[in-house]
Amino acid sequence: MMPYMEIGYLIGSVSFVLGLKMMGQPDSARKGNLVAAFGMAVAVIAALFFTSKGFHVISNLQYIVAAIVAGTVIGTLMAKRVQMTAMPEMVSLFNGMGGLSAALISIIEWRHLLHTSGSPEAMDQTAALPIGMYIPIMAGLIIGTISFVGSIVAWGKLNGKIGDFRFPSQQIINAVVLVAILGVAYINYGEFNATHSSLYFFVTIGLAIVYGLLFVFPIGGADMPVVISLLNSFTGVAAACGGFLYQNKVMLMGGVLVGSAGTILTVVMCKAMNRSLMNVLIGMAGGNGGGSTTSATGGSVREVQATDVAVMMKYASKVIIVPGYGLAVAQAQHVCHELENLLEAEGVDVKYAIHPVAGRMPGHMNVLLAESNVDYDKLIEMEHINPEFATTDVVLVVGANDVVNPAAKTDPSSPIYGMPILDVDQAKQIIVLKRSMKAGYAGIENELFFHPKCGMLFGDAKASLQKLVNEVKAL
Amino acid sequence: MMPYMEIGYLIGSVSFVLGLKMMGQPDSARKGNLVAAFGMAVAVIAALFFTSKGFHVISNLQYIVAAIVAGTVIGTLMAKRVQMTAMPEMVSLFNGMGGLSAALISIIEWRHLLHTSGSPEAMDQTAALPIGMYIPIMAGLIIGTISFVGSIVAWGKLNGKIGDFRFPSQQIINAVVLVAILGVAYINYGEFNATHSSLYFFVTIGLAIVYGLLFVFPIGGADMPVVISLLNSFTGVAAACGGFLYQNKVMLMGGVLVGSAGTILTVVMCKAMNRSLMNVLIGMAGGNGGGSTTSATGGSVREVQATDVAVMMKYASKVIIVPGYGLAVAQAQHVCHELENLLEAEGVDVKYAIHPVAGRMPGHMNVLLAESNVDYDKLIEMEHINPEFATTDVVLVVGANDVVNPAAKTDPSSPIYGMPILDVDQAKQIIVLKRSMKAGYAGIENELFFHPKCGMLFGDAKASLQKLVNEVKAL
Amino acid sequence: MEYIQAIIDLIAQYEQQNTLNLIYLVVLMIFVGIELISHVPSVLHTPLMSGANAIHGVVLIGAIIVMGNASPDDTLSLVFGTLAVFVGTLNVIGGFVVTDRMLEMFKKKPKGEKVS
Amino acid sequence: MEYIQAIIDLIAQYEQQNTLNLIYLVVLMIFVGIELISHVPSVLHTPLMSGANAIHGVVLIGAIIVMGNASPDDTLSLVFGTLAVFVGTLNVIGGFVVTDRMLEMFKKKPKGEKVS
């Protein structure tokens, strides 16, 4: 009697840890994902075909397999079709699905409890509701629901389908709703077996939905990666609740692992943007999702024409391109690569300067430029490229703003003060491609644009780059 | 019925992990040690006064308490009295005690097994020896014994009481002994209940003792820190065997934690010395424990007098002292600090350059100089001090050799090739304090001593430094 | 009677042991999660998030267990359970595939220029 | 009879569960150990070794258990057990005290100059 199921779960758990560890190192990241997927496959097979006693096909296999096949096909299609830039919202959607699954499990188990303990025969037993089951069921329900609703909202926001929505004293209202959820869940425990039981249960669900909405609605669209990461760890905890409920170790391990790793990841992500988690959650600063209306005051800006820039670059010996959020919005990565190729063909040394938080998710620029097949060796990280600006003829800032804002160094009152930036002002010439003088994510003005060395080429990044390509070709 | 014992063990286990984590960061290291000690205290109290069912004083408490009190007093005295420089051997001794304890437990449990399962009544049961008990008992016995014996040998070597001892084809003999141990232990399992049982058991012990001796004897004295670290992780595994035997989680957790952390630490230590673990275990290279007989050939050496050096330093504006193994051997840390104070009083900027593997254990120089109250801010680590040599007037190399050997950079055939070194040759003047032209730990010649900028001040480090102190005072 | 009591005690003790064991596992796993993530380069944050997202799809196992326990005439449970399995699978499969696509981007000598 | 068989099965299952749980714990703990040590500055190696040395003194708990099980007239077990407790205590106390002394050396603003 080999405990095949348990062994399968053990393999699953270990694979999750190993996989996540490997995902933390660039060299092994992709393999790590496969390791985790392998572990998941083993665990699922163990659940379907084994018990602790040996081989035993699970009941209702036909429905389960049908659902798995459908999920696999649809999931693969969705994941394969999604555009690179839309990946964060895709992650959010899938995360919501996990939360929904956890919530559904809790609902079914709750009905199960009601029908067994709550049946007339059991009525005379004094409230035979085992707390060891009640807590994981309700926790899974509440957390799963919040995660589901929150993720859907986050998905909608990143999609642009849902706007920001703020209301006064949101913190207090949120807290009240949270207390209400716990209160109702508590009452529900006491009132179990009475006729109100289902009512309280549904009220709990309703409140959890409301909380999920209130939690994510006020947060700025650009902060969504952080929120998704947080909701991700919520879903992990919801899965762990299932692990407690069924004393199932692979669920417990996987859930807790994601719960803890996800929480840390959230904190680390905030830190990389020089913000605190509290800050993000309360929805302070930078909530405007790229494009507040702060406009330039004082100083004058030098506008330049595409022709001049093209000449300048063609006869430069070294050009560094600084991509930012605007490049992503304009979907200008391909034409950017084209320009790079043209210049390289002319003998110009072209590199990309990658700031860790350029764009709207960590690694955004790497992913974006890799999509257009830019050579990985040309993407140089901040610490390594900063010393090179001094020997650079032209820096081409494409839709970046905050990551080149000298206020991070000079102005202690600035919200981005202390964030390391790309030292573009060391270069001989700076050309900035953006549509207007509007601010970026942090909503603050950028002195760099008023620097004498700096020329502005206004217009959509894609259009401007296309013009540059044409001009360089024409020269 | 609260499971106080289990809670105590849980607290113990968590404290171990937390403590070890804190010990890995300089700021919290000392507190981390206290956290781990606290966890140990809780676990011991839980074991003495509780069972899973509640409060229950253990049998034979009087003996146990007597032994604990005696161990506490003697352990504290030993630990408090030991000189800083003798700490590694002290650690080794304590480690051996842990191994001995594990081995004794196994011996007692084995007798217990013999007397119960082996008693005439049980004779008719078919070999009623539960493998789940046999394996942890024997593993604890073998590993504990090896760790005990090995640690005592390591202690003796560091003490200077035991010399190196090599014999031909030691690898093969070691392997044979190891296989013999496993073989006898296996036979013992089969022969259980027969009259030979005790005989096989004692043969196992004897072979484990032999293995412990053979394992450590050939390894050079200077490699002992690595060996101690390895034996340390052995004892951890032996403790974990006890955890399996008694299904006791705090033993299991503590033991496994040390087993795994100790193994990694061993590997990391080897890496810091630019060697592989295999290399150390086979006893290759550098086994000569500071002072092989390779003597200088070619080139000429410039000998200098203390008076000249004193003048040079007194009128320098910046002096860097490079301490090494010789400083520790000569116990010259106090007079070194005195010299530093004198120079500082004259307005000279004095710093210490700390190479990560200077001396014979990691952190050796930090510990040594801290003992003589050198200001922590004056101890600068390699990466930070290297750029400073260029602006330094005098570098005073006190009993260091390998860590300033340029062969690490220039000679690919050298055993230390690739190890980062202190770039003392950037300084204006180099003065080396050592007794002779003998080589250091790696047993190789040092070109630096033949460098025109370099002057040698021969003699014991303490004596030479004392001379320098006198001369500076006299000036 | 005494005998049965002893057995009940034993089982209760095992139950308690089991719960305690789970607590050990949770605590250790929290440590592991924290340690694994604290030293990760920031370019990998998004793929890591996505990978972790796929891992919590392990909730799918729970959905499968629910389905295994549902009696064939409990239609509501079957419907909800099948839905739970479906969305759980979406989470797992979608999560791993998206992560793989993200990481595919990092494939070319990811450390290449860092050394120089 | 069937009833008893069921109970035996249950206990066997618990036993098995327990062993499996221990394996989970061991695997996780190995991970924790590795992760904790891989990012440690080299000056702390010796104190860490010493601290770990003190922690495996937890074998003392085993010695205490042995003593608790020894019958008062089994002199040999008592003698060996007492010795085991004694040397175990030496390991624990000596280990922690030595570590504390080592770390005392590092007390003064250990990160001071690294920042600049």
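Observations, loosely collected:
Letters A, B, C and D mark the chains in the order given here, with residues in each chain numbered from 1 onward.
Heads up, the rule we're going with is that a residue touches a chain if its C-beta (ideal position, glycine included) is under 8 Å from a C-beta of that chain, and two chains touch if they have at least 3 such contacts.
Everything quoted here is computed from the prediction, not taken from an experiment.
Across B-C and A-C, the chain pair carrying more C-beta contacts is A-C.
With centres taken as mean Cα positions, subunit D sits 29 Å from subunit C.
Averaged C-alpha coordinates give centres for subunit A and subunit D that are 40 Å from one another. For this pair, subunit A with subunit C, the centres built from the Cα atoms lie 19 Å apart. Counting partner chains per residue, subunit B shows two or more touched chains at residues 17, 21, 249, 253. Looking at subunit C, residues 17-18, 21, 24-25, 28-29, 31-32, 35-36, 39 sit in touch with two or more other chains. Pairs of chains meeting the touch criterion: A-C, A-D, B-C, B-D, C-D.
Of all the residues in subunit D, the ones that touch subunit C in their complex are 7, 10-11, 14, 17-18, 21, 24-25, 28-29, 31-32, 35-36, 39.
Touching subunit A in their complex are the following residues of subunit D: 13, 16-17, 20-21, 23-24, 27-28, 31, 35.
Against subunit C, the residues of subunit A that register as touching in their complex are 12, 16-17, 19-21, 23-27, 29-30, 32-34, 36-37, 40, 43-44, 47-48, 58-60, 63-64, 66-68, 70-72, 74-76, 78-80, 82, 84, 87-88, 90-91, 93-95, 97-98, 100-102, 104-105, 107-109, 111-112, 132, 225, 228-229, 232-233, 235-236, 238-240, 242-265, 268-269, 272, 354, 356-357, 361-364, 366-367, 370-371, 375-377, 380-381, 384.
Subunit A meets subunit D in the complex at residues 3, 6, 10, 13-14, 17, 21, 52, 249, 253. On the subunit D side of its complex with subunit B, the touching residues are 18-19, 22, 25-26, 29-34, 36-70, 72, 76-78, 80-114.
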